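Two complexes follow with subunit A in common, the first pairing it with subunit B and the second with subunit C.
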Partner chain A sequence: MTGGQIAGAATLPSAPPAMPLQDTVLLPERLGELTGLDGFGLGGELLATFLAAFIVGNLMLAMTGVAGPWAKRKITAAFTDRIAVNRLGPAGLFIILADSVRLLSKELVIPENADRPAYDLAPIVVASSALLGFAVIPMGSGIHLADPEVGLAYVFAVSGIASLGLVMAGYASSNKYSLLGGLRAVAQNIAYEIPLVITGMSIVIFAGTLQLGEIVSAQAKPLLTIAGISIPSWYALVNPFAFVLFLVANFAEVGRNPFDTPEAPTEIVAGYQTEYSSVYFVLIYLGEFLHIFLGGAIIATIFLGGPAGPGPAALGIVWFIIKIWAVFFATQWLRSAVPRVRIDQLIEIGWKGLLVLSFANLVLTAVIVGLIA
Partner chain B sequence: MCVRFEPSNVTEMNDWIAIGALALVGVLIPFGMMAVSYLLRPTVPETSKRATYESGEIPTGGTRIRFNIQYYMVALLFVVFDIETVLLFPWAVAYQDALAADIPLVRALGPMLLFVAILLVGLAWAWRTGAVQWARTPRQLESDRP
Partner chain C sequence: MSTGLEREPSVEVTEDELETLVGDRALARDDHLNAPGFVIRPDDVQDVLTDLRDEAGFDHLANLTAQQYADRYESIYHLRKYADPTQEVSIVVPTTTDEPVSQTAEPVFRTADWHEREAFDLVGIDYEGHPDPRRILLPETWQGHPLSEGYDQEKPQLVTLTEHANPVQPDHHDDESDTMFLNIGPHHPATHGVLHIETVLDGETVVDVDPDIGYLHRCEEQMCQNGTYRHQIMPYPDRWDYVSAGLLNEWAYARTAEDLADIDVPEYAQVIRTMGAELCRIASHMLALATFALDVYGDFTAIFQYGMRDREVVQDILEDLTGQRLMFNYFRLGGVAWDLPEPREEFIEKTRDFLDGLPAKVDEYHDLLTANEIFQVRTHDTGILEPEVAKQYGCTGPVARGSGIDYDIRRDDPYGYYDNLEWDVVTEDGCDNYSRVLVRMQEVEESAKIIEQCLDLLEDWPEDERTVQSNVPRTLKPDADTEIYRSVEGAKGELGIYIRSDGTDKPGRFKIRSPCFHNLSALPEMSEGEYVPDLIASLGSLDIVLGEVDR
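So, the complex of A and B:
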């Protein structure tokens, strides 16, 4: 019995079985076949790859568009017993278009003491670094841009670039609130990055690989069967403690309540984005939302079985988006329900609480896996 | 070393091309938005408009100031732990395989435990010296008093 388990666990990463959820064909190749572009040699392949990247990028942009001007207001309104946007279109949905035009047509006011190249680059860094992470996320229904072997490490690495953008924004604005906001953002991101990665590592122990496609297919195995219903071994069920740790660290990492000290409106106006207006503000805002969704995508991928769900595998993207939105909804729920912690409390929670707990989780997971095997 | 175009090799190359393509899209989207905004937005220069925002008051002093050393302390601590995570990733990937290959638990797990223990000594030091405690508790303030 135990021997079989060991062998099963060991051969898991190297043997790709015909899992219904695992798409071995990535989106660029699939598009290449679909459009006949792969018949045009390298140029056609590159075009198909670019097309695939364009689809993934705009899918995320569309989700941010729905979340920022519309869903966020609706959710907060529901929590505070209001109605919120309801004038334009069904359920106020056209506010998305109206708001994007409104925000983009604002005058761009650049503060006189701004450090120009850095001030202009910061919004671009924040927005594009958040988008980069989605390249390796398996979203189901064949929407999976790339599946490198270092997948999980790559996601953590690129999501860390945003800190650079935030400190650039904070420092180059030449505003005291911005400076404080930028410093806080970095102190917070680096404090919670480590619990995040360490907890992710405890999942890597189970999966035995960093490749996100493999991590997803490893979760398709049944954990146990109750009354004929097979429960998949989603790592949130295998190790709920790690799931909670990761969730908390993720909320801090994307700077949401109760950890939204970098832009605490009652303390430092709007933090690093105080001096940003017009399209620059839109880009920073976009980057923040993309980061929430990227966090949700990582959680869905390594804890909630990625695009897995009832029904045919073609529904994968629907389940995946539902899981991402569940995490987004949780951030908005906390925004309405939980008070903000002070910056010194935040640092202590990170370094004295979550870091120690995440190491305990890692060591315990390793010991338990070692003893069972 | 020659590059052989085995199927695995080709997909590995495609992976990074795809990531590069998304990076290109990730830069094109902001620039596209900036171009649209450039066409739409008005420009009404006004002298006081560009003043640094300081809650409506006339801004005093610059921003290039010395800020709290605390931020450096946690950044230093971060560097140590971040490098450590990079070094632990290969271990996490290989752990199950090592157990399956009948390598004794002490050899598979022991070095990692020792490594983490050394790091935790560093954390304990930072904890004791107060690098990760930014505010003093009333009791600490009391004991500081001569």
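So, the complex of A and C:
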């Protein structure tokens, strides 16, 4: 399933893309065409959509599968002068298999006083909320499930649901460490989601739309051309200040160093996930990694030109994954090198620092864009 | 780099002056090898100790030994001066066997709190007026006092664990207040061993802290009492502070027993001891630094791993020297087990290589750790331990020096070869977690200086004068009722040992003064009113080893 249909494929390498990278045809429709399902009316459309979602979901889950048991260990080991997994398979890659068997075959221990439906639902909420976000992300190479007009708002909204899962996990576990972790998670998410969204809004002012496909294509325009090489107007280059703000707020949002206070292994054992074992633990862990990747996907989409990159547009997905992994790599780098801030300092940085800066950024952006227009 | 404040000259108190000060309250004299001793009545304790502290400047209750004789119980308060630890006085408080009640010293020295609890726990002396007369090392339900006469060791003890019958206690400490009771430990990622901290939280603020120790109590004192002086005791000190401070601990026993039995140590052996001990100090401080970073960073981060990596090199050198990596058993009474490993040049070169690389590594630590702004925000002005409070709790070592107390046994009560070497005592006045880290980092550099000089000496030492041990009788039987308290500067502070000989080849009473025990007892002062993460950081900055706290 290639080809001619993909917009921008005709663009010559190194020349500024003549056409936006935005996919004119979304993945479910293309699948419907290819499999002939579109001939079956609404039922066929639904099936094609489900199939497309299945592909995207599994792509993301596979990435977290690689990231969790293997890449994370290897990256941290490189930072800390170690070797990490190297017994199973090339570079220890088969540890992914061994780890999944190990984790899934463990006993699921449920605390006696756990608040049952909430305790069971929490891991699912945490994991699924992140997966939902990927539905509107344009990943290039024609992989784009849906492109609603409120795309950006939708992404923030569904990833925000995770906070609910964390509170449920923290409260329902009937463990004081979990409770502390849950409370910290909420305090942190509220404090950092606002700067995150406000900074996102400054991009909306630039692009003039919430639709992620449009935001990506807006970034394909050349910013300036030096010696024949054109530099695209990625918003990270247009407004580096907003990029940094967003990056910091995002690290807090996904709960990674220096903002990993909700888990804080040395303080509150493992925070909200203290009482989770086996499959539930895997789900929560998956959810966390999915959130890192979703954060990466949002950053890639609104700041780094989405799937844009040198080479034919068919390589879009490759560039997109590289960008996501770059963000993941940054989280692991910080984890190895930066101390954790205290919970009160974290809240202070959020409300007194980031929030103010993000509003300043928003107002400035609005003024500048207004003047230029 | 701070090399400490100018030391205030301490006024020497002569024995006559002491005698006048104690006056009629002294029932008799009971001199120890290290200090004059006064026997006083059990209800004069606070009186006498207050006078000695305020009038004569004995501001350091170094140790409290409790023991039972055939006809009486005895508590010995070993007093010293922070300004000059060679000035010592022992206050002996006998009580009857039928009614072993003695006045508490807690209002005069806060550190007596834990010590008297231990004395009650292990020996069975009651301290009247003690604010918290609970057992400290053994479970609440324990029957009898293990170090008292006539204690039946064969009797099985049922420990019903009533104190932990309900590990998840109700959320509210009491119904009225808004606080939460939280058990931190005994199994918790940041307690550096099996320590249980009973914490009361108001939100995230720590309202009350009560360290509960004893999970690692291995009867070390009693085991030492059952071993012969000559060879059977030396392996035990390695197991007190078991994180690579082995030789420092061994030296505590070696010094005490050598002074007790009047054994000379050849100069050559002293140099080797000094070098080995300082290597251990580097290894120990590296670990302290690494785990403190772990507590603050919250994960096995680069700085933790770098600390472990560099400690590994020291560990290799120590293995070459002693044949062991942790439980060295290298010191002997009257010297060390053997000379440097052959080929000597190779060993010396290896050690020199390590020392040459050290400054770069310390710079790296400073880059990663102390220069990091988040780290500074986390550690500045947290875990405040004012010098006066530190003295009250008997804090020593890097913890005291981080509070500006210029106290180092190596310099103030010299032993080994330290007196002949060029080095400085490091102090910092910050009184906070950050200062304690700085002190440790600088002490690593000072230790490196000492090792460097020792290596120079060892290299040039004439081959026919390399005596590693003096002649020591096969069986040591110090005179009956000789008592001595001696201490060395261990990795965590003043590591002291009290020995009373009973005329046999085994000690009659063997009491360990653990620096971690004192330092940990100051934790509530440091962390109450601060946040949970600060409590964890303060605990990490104390650098305790539960093996030494519980013994």
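In this section, the second predicted complex is superposed on the first by the 354 of 373 C-alpha atoms of A that agree within 3 Å, B and C clash if a C-alpha of one lies under 4 Å from a C-alpha of the other, contacts with A are read in each partner's own complex, and residues count from 1 in each chain.
Throughout what follows, a residue touches a chain if its C-beta (ideal position, glycine included) is under 8 Å from a C-beta of that chain, and two chains touch if they have at least 3 such contacts.
Bear in mind the structure is a predicted one, so any value in this text is a computation, not a measurement.
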{"item": "Subunit B versus subunit C as contact partner of A:Asp344, first or second or both or neither", "value": "both"}
{"item": "Which superposed partner A:Ile161 touches (first subunit B, second subunit C, both, neither)", "value": "neither"}
{"item": "Contacts of A:Pro258 with subunit B and subunit C, given as first, second, both or neither", "value": "second"}
{"item": "Touched partner set for A:Asp81, first subunit B, second subunit C, both or neither", "value": "second"}
{"item": "Partner, of subunit C and subunit B, that touches more residues belonging to subunit A", "value": "B"}
{"item": "First (subunit B), second (subunit C), both or neither touched by A:Ser174", "value": "both"}
{"item": "Partner chain in contact with A:Pro28 - subunit B first, subunit C second, else both or neither", "value": "first"}
{"item": "Which of subunit B and subunit C A:Val269 touches, first, second, both or neither", "value": "both"}
{"item": "Subunit A residues contacted in one complex by subunit B, in the other by subunit C", "value": "113, 174-177, 180, 269, 342-344"}
{"item": "Interface residues, subunit A side, partner subunit B - complex", "value": "6-7, 9-10, 12, 26-29, 45-46, 49-50, 52-54, 56-58, 61, 101, 104-113, 123-124, 127-129, 131-132, 134-136, 145-149, 153-154, 171, 173-180, 183, 186-187, 190-191, 193-194, 197-198, 201-202, 204-206, 208-210, 269, 274-275, 278-279, 282-283, 342-344, 347-348, 350-352, 355-356, 359, 362-363, 366-367, 369-371, 373"}
{"item": "Residues on subunit A engaged by subunit C in the complex (per definition of touch)", "value": "76, 79-82, 113, 174-177, 180, 257-258, 260-261, 264-269, 335-345"}
{"item": "Residues of subunit C touching subunit A in the complex", "value": "168, 171, 180, 182, 188-190, 204, 293-302, 304-306, 309, 368, 372, 374-375, 377-378, 531-534, 536"}
{"item": "Subunit B to subunit A touching residues, read off their complex", "value": "11-12, 14-19, 21-27, 29-31, 33-34, 36-38, 40-44, 49-55, 62-65, 67, 70-71, 74-75, 77-78, 81-82, 85-86, 88-89, 92-93, 95-97, 99-101, 105, 108-109, 112-113, 116, 120, 123, 126-127, 132-135"}
